[in-house]
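One structure below.
Chain lettering (A, B and C) follows the sequence in which the chains are written, and residue indices restart at 1 in each chain.
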Amino acid sequence: MTVMSYIQAITTALREEMIRDEKVFILGEDVGVKGGVFRATDGLYEEFGAERVLDTPLAESAIAGVGIGAAMYGMRPVAEMQFADFILPAVNQIISEAAKIRYRSNNDWNVPITIRAPYGGGVHGALYHSQSLESIFANQPGLKIVMPSTPYDAKGLLKAAIRDNDPVLFFEHKRAYRLLKADVPEEDYVLPIGKADIKREGTDITIITYGLCIHFALQAAEKLAEEGIDAHIVDLRTVYPLDKEAIIAAAKKTGKVLLITEDNKEGSIIGEVAAIIAENCLFDLDAPIMRLAGPDVPAMPYSPPMEKFFMVNPDKVEKAMRELAEF
Amino acid sequence: MTINRHDALGLSDADVLEIYRTMLLARKVDERMWLLNRSGKIPFVISCQGQEAAQVGASFALNRQKDYVAPYYRDLGVVLAFGMTAKDLMLSAFAKAEDPNSAGRQMPGHFGQKKNRIITGSSPVTTQIPHAVGVALAGKMEKQDFVSFVTLGEGSSNQGDFHEGLNFAGVHKLPVITMVENNKYAISVPFEKQIASENVSIRAKSYGMFGETIDGTDPLAVYAAIKQARERALNGEGPSLIEAITDRFTAHSSDDDDRTYREKEEVEEAKKKDSIITFANYLRELDVLTNEIEQEFNREIDSIVNEATDYAENAPYAAPEDALKHVYEEM
Amino acid sequence: MAKEKITMPQLGESVTEGTISTWLVEVGDKVKKYDPIAEVLTDKVNAEVPSSFTGTIQQLVAAEGDTIAVGELMCYIETEDGTVADSPAITANNEKIEPVKETASVDQSMKKRYSPAVLRLAQENDLDLLTVTGTGKGGRITRKDIEKILNESSAETIPSQPVLEEPVKHELQTNTVAPDLHQGDIEIPVQGVRKVIAQNMVRSTQEIPHAWMTVEVDVTDLVTYRNKLKASFKQQEGFNLTFFAFFVKAVAQGLKEYPQLNSQWAGHKIIQKKDINLSIAVANNQELFVPVIKNADEKSIKGIAKDIYVLANKARTGTLKADDMKDGTFTVNNTGSFGSIHSMGVINYPQAAILQVESIVKRPVIIKDMFAARDMVNLSLSLDHRILDGLICGRFLARVKEILENMNEATTNIY
């Protein structure tokens, strides 16, 4: 075990996969000499060379599309979008192409690409460096969307994504990069894509969320435990396709469900989670399904008080959890 | 006195006859599809007619055992040259389970067949350029000696992916050949309302690559241009942008009526340069194409098209619930 | 003079901490606003951190080489008068979330708003939700409240020895009379007592194979005897001499002779109880209680009447204790007090039988081929068919009938 930050876990996973399989290569803006604007690819250019850690032109559709082409050929590209906010020019490539290639070719072609993108707010990134964009891709069968919440999960899931034979969007919370540090095994391991993970066992209320909000919920849970409120916390980890079984089991466990996302509320991932619970758990529900999310404004503002107003944080989570427990 | 131009290109008589035969097959398959559409048997056709010379000429300049192609929806000639059969195409037209492109999932014209290195395509135009660039990148990384060949219409050359893909290829000097089949119309919008520059190939300069505009109705001219482009690519000289000037003899598709936006005479005029006729004339004048061979070709192709049609018409559809298959890898 | 803090700035979007590589100032140094004070190394950048104030460095809190989180204290600086700290007017802490106030316990607005889970559990376990106190907001009954009852009831009602091969699935119990919660009603806080009974009753219906029989008893003499004593007894003792006391006495005597009915089911065995402790049903307007007359066979009719009086009073005032309801071995239910003439009681788990004493009704009876007006009463017995059979119960009822029909001034002393 080594104590690693979330971003070190990412770098480690990339490095180990590049050593393991020479078809793995990285492409994106600033990933090479600079090692990435967040330093996710730090040291990889030196170790693997310019061809396998490819600095590309500033053109997201090409980063995705060229990656898709290479993947169809049989490579294992890991494309980096510098910020999730900038993935939008590549949406046609991701949704019209990557997501549909296996299906449209009747399994003849496939696209084993991983597209990494830092997302999330609370870093003074304003509208275009703070967004959560997973919901845009979360009704596109053919895609998988992974959003790890811990260094351990980040390493195991990124390795799984790279080895997956289908396109995986891998969203990394940029605030988690250096905030979160934890023990990560040095050995090779992969975690299953498509499986949620119970981050805390509890009996009073169920919290289902993902990404950084997991930590807000865990913090709040420890505080509430002192008041006798025992929270059950489930990390979706893969937000598309959802682990329906785990969601149903977690909802049934306490009958009181709080869903949290940093994204804008309407149309977010947790709306679908709520629908799954509503479809399957009516007679186990003891409270209305509760959602905590960002407000329905285009994105979070730069000004610190406004940013804080927008962002989910431990206090807001604690308040919502207490409210649900008391219902 | 007609000069033998194909000798100089290294093409034997048999080669040029095969080029002609492939063009003719493409034309005949296409014509049959229109008949099937107009008799209500298949819902949709999108045509190669008028562009066969560019498609087949280019394909024969490639290594059809190694190179990858990312065709666009009119490229019947390209996919036939790369190993797809008339039967495959008819199965696609009838949307039957055996269709190798998509098992009846995609509309006709959305080609793809991995065993022949035909990269699967979609309907949003120009997305195939980055794919071809990616395949070329992979080939370069893997030190392979193939090129990727990607085609599109001139209207599609206005898309962002055209710019992004070609610029990427140019920066990294990748072995990718882009051929714009300029048939002068993007559905109804003519070239001058699509493109402000004098032609498409002039854009090559801004991507740091070789560019030229050629006569797309002459298979030998196209062959020559693509052959040189392939040599440059394999020599590490980077990508090329070839613009082949062609004509579109049909409406955009079976759902379009081109009489609303272009004069009938314009099409009649274009058909005078129909490569099926002009190239046949060239071959006849050199006595490469004899009456006997021509009759044999026609007989053989008619038989191929008839058999393909009958087979595809009688072939089974995929089971309805097969619609659920192959979203993800099935373990 | 004012003491200000300089904290670790956020030097990059994902940066959460910085390492002070070099202090560029010492304590006592005068610095101007924006003068560099330290070199800070982060994962993303190396930067000189400028002072946010003009003043004198007072204390370097972090040492060179220290890694501190964004927002943590680096050093103190004493600013000159008039220097206004340029911290924003609105600080990030200004929207601290108020602690949630205790919900007033008097709010019962949600008491009858049932969630799907609560409704389902209540239905599956035959639980009367009106008898459950909710701990949720506005008095709402939560799923946890129900689950707690379920857990407790299974813990309370299963004897210490395992008596069943499989755990009982539905331990929920219900009372027979539901409280009426209309405006102005008084709620009696007897949840614990009531709960035990409810648990037993429901368990009883689910677990015990009930069988029933009824006998008709001529109590004309008993009625005459009791009516004669009624007024003087009340005057003397201060409480009523009820018919019910006579019945209880007769049953106690019958049980003494037929102890099979004074027993309990215990899985692989039947336990015959030595003590005859008679549970009696006592109703008030809202609820039904089953307190116990201990050792009823040893008591006089007066003693029994007194017990009934005391227990009924306690029930009415809500002062019954769990002890008052413990250890019953057989139940006598005064259904006659409601005017009932026939009923089928639910055995008070884990007892073996319950006897319903119905209304005494004057009606024509043929005696020696002649009509006579007699005081007649039905005794309806419910029995646990695992423990008891018709034969023994028939004999028991016949014996009780005999005792009752022979109760009169000559044979029976109430003291």
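In this section, a contact is a pair of C-beta atoms (placed from the backbone, for glycine too) under 8 Å apart; a residue touches a chain by one contact, two chains touch by 3 or more.
If you want to know which protein each chain is, UniProt gives these names: A = Alpha-ketoacid dehydrogenase subunit beta; B = 2-oxoisovalerate dehydrogenase subunit alpha.
What you see is a predicted model, and the numbers here were worked out from it, not measured in a lab.
Asks: Which chains touch each other through the most C-beta pairs?
Replies: A-B
Asks: Could you tell me which chain lies farthest from chain A when each chain's centre is the average position of its Cα atoms?
Replies: C
Asks: So which chain ends up closest to the centre of the protein, judged by Cα positions averaged per chain?
Replies: A
Asks: Taking each chain's centre as its mean C-alpha position, how far apart are chain B and chain C in Å?
Replies: Those two chain centres are 80 Å apart.
Asks: Would you kindly tell me how far, in whole Å, the mean C-alpha position of chain B lies from that of chain A?
Replies: The computed centroid separation for chain A versus chain B comes out at 41 Å.
Asks: Between chain A and chain C, what is the separation of their C-alpha centroids in Å?
Replies: 46
Asks: Which of the residues in chain A end up touching chain B in this complex?
Replies: Going through chain A, the ones touching chain B are 25, 51-52, 54, 56-57, 59, 61-62, 64-75, 77, 89, 92-93, 96-97, 100-110, 141-142, 144, 164-166.
Asks: Show me the residue ranges of chain B that touch chain A in the complex, using the header's touch definition.
Replies: Where chain B meets chain A, its residues are 68, 70, 99-103, 105-106, 110, 112-114, 119-120, 122-124, 127, 129-139, 141-142, 148, 160-161, 163-165, 167-168, 171-172, 325-330.
Asks: Tell me, which parts of chain A touch chain C in their complex?
Replies: Touching chain C from chain A are residues 7, 38-39, 118, 123-125, 129, 174-175, 177-179, 203-204, 254-256, 282-287, 304-305, 308-309, 315-316, 318-319, 322-323, 326-327.
Asks: Considering only the defined contacts, which chain C positions touch chain A in the complex?
Replies: By the definition above, chain C touches chain A via 10, 13-17, 43-44, 88, 90, 92, 94-97, 100, 103, 115-120, 136-137, 140, 142-144.
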